[in-house]
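You will see subunit A twice below: alongside subunit B first, and alongside subunit C after that.
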Partner chain A sequence: MQKLGDYKLPQFFNYPPYFTLQPVRDTREKQVQLWKEMIVDYCRTQKIFVIGLEDDFPLFSNPVIQRFLSHEAREVFLSALVSDGRAEWLDKGHRKCLILWHRIQDWAEIVLQFVKDNGLEDSVMTVEEIRSGIESRGTELHGVDRTVLMRALKLLENKGKLAIFKGTSADDEGVKFSV
Partner chain B sequence: MRRRPGIGGLQTAAAARDQYRLLGENVAKLRTDLMKEQLATFRAQLEDFARKHKNDIRKNPAFRSQFHEMCAKVGVDPLASNKGFWAELLGIGDFYYEIGVQIVDICLATRPHNGGLINLQELCNLLRQRRKSDREAVSEDDCLRAISKLKVLGSGFEVISVGKKKLVRSVPTELNKDHNEILELAQAQGFVTVDEVEKQLVWTSGRAIDALDTLLEDGLAMIDDGHRDGKRRYWFPCVVHLSQYEFSLTYVET
Partner chain C sequence: MGNNRLFETATLTSSGRPVFLPNEVECQLLSNVDLEAEEESSSLFSLQSGLLILTTHRLLWFSSSSSSSAAPPVSASIPLASITHIFSPKKSIKSIFTSHRIRFQVTATDSRSVVIKVVVRGKVDWDGFLGNVWDCWRGRAWESFDTSERPCASGGLYGTDGSVRMVGVAGILRKEQEMWETTDKSLQDAFQDLNALMSKAKEMVMLAEKMRQKLLSGSSTQTSSTNEDEIGSKEEMHDWLLSVGIVSPVTKESVGALYHQQLLRQLADFVRNPLERAGGMINLIDIYCLFNRARGTELISPDDLMQACSLWQKFDVPVMLRKFDSGVMVIQNKSHSDEEIFNRIRAVVKKSEALRAGISASDAAITIGIAPAMAKEYLLSAESKGLLCRDISPDGFRFYINLFPNIDSLDVYLEMRASSKKWPLMVEQKWWRGGGQS
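Up next is the complex of A and B:
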């Protein structure tokens, strides 16, 4: 089984035609399905949050069979993920895509669990601490994309579970939990 | 017997012929009776054999295949009906029924990838993977038998030969001779180009493109425009195992 780092690549990745957008509808559907699943899976295991369409993203090419995805193909697959609610375009030009291998609601749940696990129900913490502090080590929150985290926190703020406030410096935003 | 001249002689000759004929008929009847008796004995022995080796028949594909051959020679079809002595004795009807259902399942699952045409070997591998926990091994012969039973139900399953390989068709799509020839050509590398088809099969460009487009529309082919030589390749998933792509250098083109 071919691997990319420690990620086990699915078999279709080594079949050249899957790198060309298929014209026949049923075949195309199958192709998009396979690529969507692989992209989300890979990003989850490698903790990748943003894919740049013009970047050297490892899944976009397979040197073993000398094939790579055209720009159009990349856009088609990522757009399909966006339609599924598993990704979002970060710019109008569709050059950068945020991959939500956990949906925002899921991240919100993870934050709540984190708060409970660490007894932070009435505490205050900076956003940076949530994603890189000692408590975050070993949890999914460690190293989480800041944009994603902010979205999850805003969701929880709307539910009244916390309050976001600006700190002393521009990037020192804090959170007061009231879980 | 001394030949006697005259009418007397003719009558004797006629009587002799009659007697020989009667004898001949008797001998023939005797032979047939003997044969019937032998056959009955053989069948009884076969049943005895089946009873004694029930487990081996169920567990060992090679043994099972030979058992089927023996039955065929004696005119016995263990799968003829799901009731009756054989099916009850061996429970073999259930075994093939089960395989049949699993085969239908696998064909449906792989249809989006291969258009409803799958290599028999690949089908068998997938079947074995699915039955991993089962103690009863499955052979290609078993697959073919299960499929032949499926055909009887009119489910549109058929085994076709393309070159040296056997493919299992699970869709009503009929393959005409042109399509068959392209599939055979594709067995060498797993794909063909329009040029190759024209050259190897000595067809006009129109005929080649027509056939390839139909195969594409039917979901039996996939296009590949990624080779650096810029030529479009038509790949046929049914012709090669997907498992062969596990880092196999065979598919890296130079």
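Up next is the complex of A and C:
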């Protein structure tokens, strides 16, 4: 049986029709909404940033009732999230999806808050430090997906809150805050 | 041309007509006929292009000798009694294009058994001729009348002066023959008229086609302002065509010919019983079979059935044709209400078994009491109304009561337990106690 960690699955996860793409419009709308919320919620609590459509994403199947989502259904639900702006396709073939359980602007806010909380208004940090350094522990920034973080930083850069530059080591980039 | 030694010759009267035996009646005369005799695939003789006369007693063949011919007229007389076997003609594609032929097994005068082949060229009522041959041969007229009829004087059909006498049984036969001939002639004439009529009908059909084209093109190009006029003249057109007896070309709009009107009424009467037996709704295909079986002959085509059923809506009949989204077509009573069936479905899917495992079309059919194909249609219809939702899995195509509207997103949580099969029952308690969700 697949581990779902400490995540509390909603009741309707055991309702077989939940796993069949409904053709009737009203029913479908409700179904899509439920799936969207569940996916975002699960990803937020489990800190999952990327879902691969062909992977064994735990939510997509329920061994208890022996049902699983078809590929088509998965794509429908994830595309709905993309339309909402809560996800993005990472490839044209729609095989990998980036889940933005915080929107990019939310992440930007979180970074700003992080900077303020740690008195980093004028300092310099590497990107890696932001996401895995000591300061980040206990915050949402800890372990954040690098792509997501970069996007948030770029957003802040456009607003003039910081500047991104290539660091001394080839791998990493640095950030100069000017909050 | 060989010599005919196998058969007797036939004698002619002074006017070239054959001399008939007592009670012999002429049945049919054919011209341009060849007569060939074969024995073991070798030709014994062959008489070409002569006159063949079939009588009740004999097959007579005369050469159509021209006056300048030096050769004496040849003839052959084959008694029907000597025919031992008539070979059935082989019907093949070739036989359509070649001349007609028929073969007999005959005992010749020298007691040999030979095969005679009669070849008829040109247009002739071949089936009629064959029929006559069989009739005459089977009739065995030479036996029945041999000893009986001995009319006075010369006896037989012909009087001493050669004129035909209408006496006795022979006379009756002769009369019949003549009647037959006159009927035949009048039929021929009638058919001539019919041919003329047919050619006229062709013109009519062409005219109707032109009209139809005009109507159809007219209806597609007209702007809305002139629609009224168009419709008016269209009506006139339909009426006119209908009065001529041609079914209106734009069939969807018109009432159709009288045939369809009668048919649809008959059909409406007929379907009442099967409808009752089937619980108010019956597949169109089933009706097609039942109706045709009941008719026995004069079966109706699927198109006629469709036509008739489609016209029901224009007439005051208590039944109607209904087409489901899936394309399945059924006949149902006008008074039939879907609501009643939906209520039954609702009741079924709320049972604990159905809450857990849903229902399939066959389950529904059994519990609700309708045909499985109909059950599927109803379930799909209920689904489209939001009453049910579907579950497709390796277990099959099943339906559950639609709980999606009742789910308050993620508000209510359950801890994931191994025995989560309790959930549907908990649902039952939560939802149904809450005051009849339906």
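Operating definition for what follows: the second predicted complex is superposed on the first by the 176 of 179 C-alpha atoms of A that agree within 3 Å, B and C clash if a C-alpha of one lies under 4 Å from a C-alpha of the other, contacts with A are read in each partner's own complex, and residues count from 1 in each chain.
Going forward, contacts are C-beta pairs under 8 Å (C-beta built on N, C-alpha and C of every residue); 3 or more make two chains touch, one makes a residue touch a chain.
As the structure is a computational prediction, the values presented were derived from the model and not from experiment.
When both complexes are superposed on subunit A, subunit B and subunit C clash. Legend: residue contacts after superposition of the two complexes on their common chain; A:Gln66 is shown touching both subunit B and subunit C.
After overlaying the two complexes on the shared chain, residue contacts for A:Glu37 are found with subunit C alone; subunit B is out of touch. When the two structures are aligned on the shared chain, A:His142 is found in touch with neither subunit B nor subunit C.
Contacts of A:Thr27 after superposition on the shared chain: both subunit B and subunit C are touched. By the touch criterion defined above, A:Lys154 reaches neither subunit B nor subunit C. Considering which of subunit B and subunit C touches more of subunit A, the answer is C.
Shared-chain residue A:Gln11: touches subunit B and subunit C both.
In the superposition on chain A, no contact is made by A:Arg95 with either subunit B or subunit C. Superposing the two complexes on chain A places one region of subunit B into the space of subunit C, and among 75-83, 111-119 or 129-137 that region is 111-119. The interface of subunit A with subunit B overlaps its interface with subunit C at residues 11-12, 14-17, 19-20, 22-24, 26-27, 30, 64-67. Taken in their complex, subunit A has these residues touching subunit B: 1-2, 11-12, 14-20, 22-24, 26-27, 29-30, 64-68. Those residues of subunit B that touch subunit A in the shared complex are 112-113, 115, 191, 216-217, 219, 222-228, 233, 235, 237, 242-243, 245-248, 251-253.
Subunit C makes touch with subunit A in their complex at residues 358, 383-384, 386, 389-395, 398, 400, 402-405, 407, 409-410, 412-416, 418, 420-421, 423-424, 426-427. Residues 4, 7-17, 19-20, 22-24, 26-27, 30-31, 33-34, 37-38, 41, 64-67 of subunit A are the ones touching subunit C in the complex.
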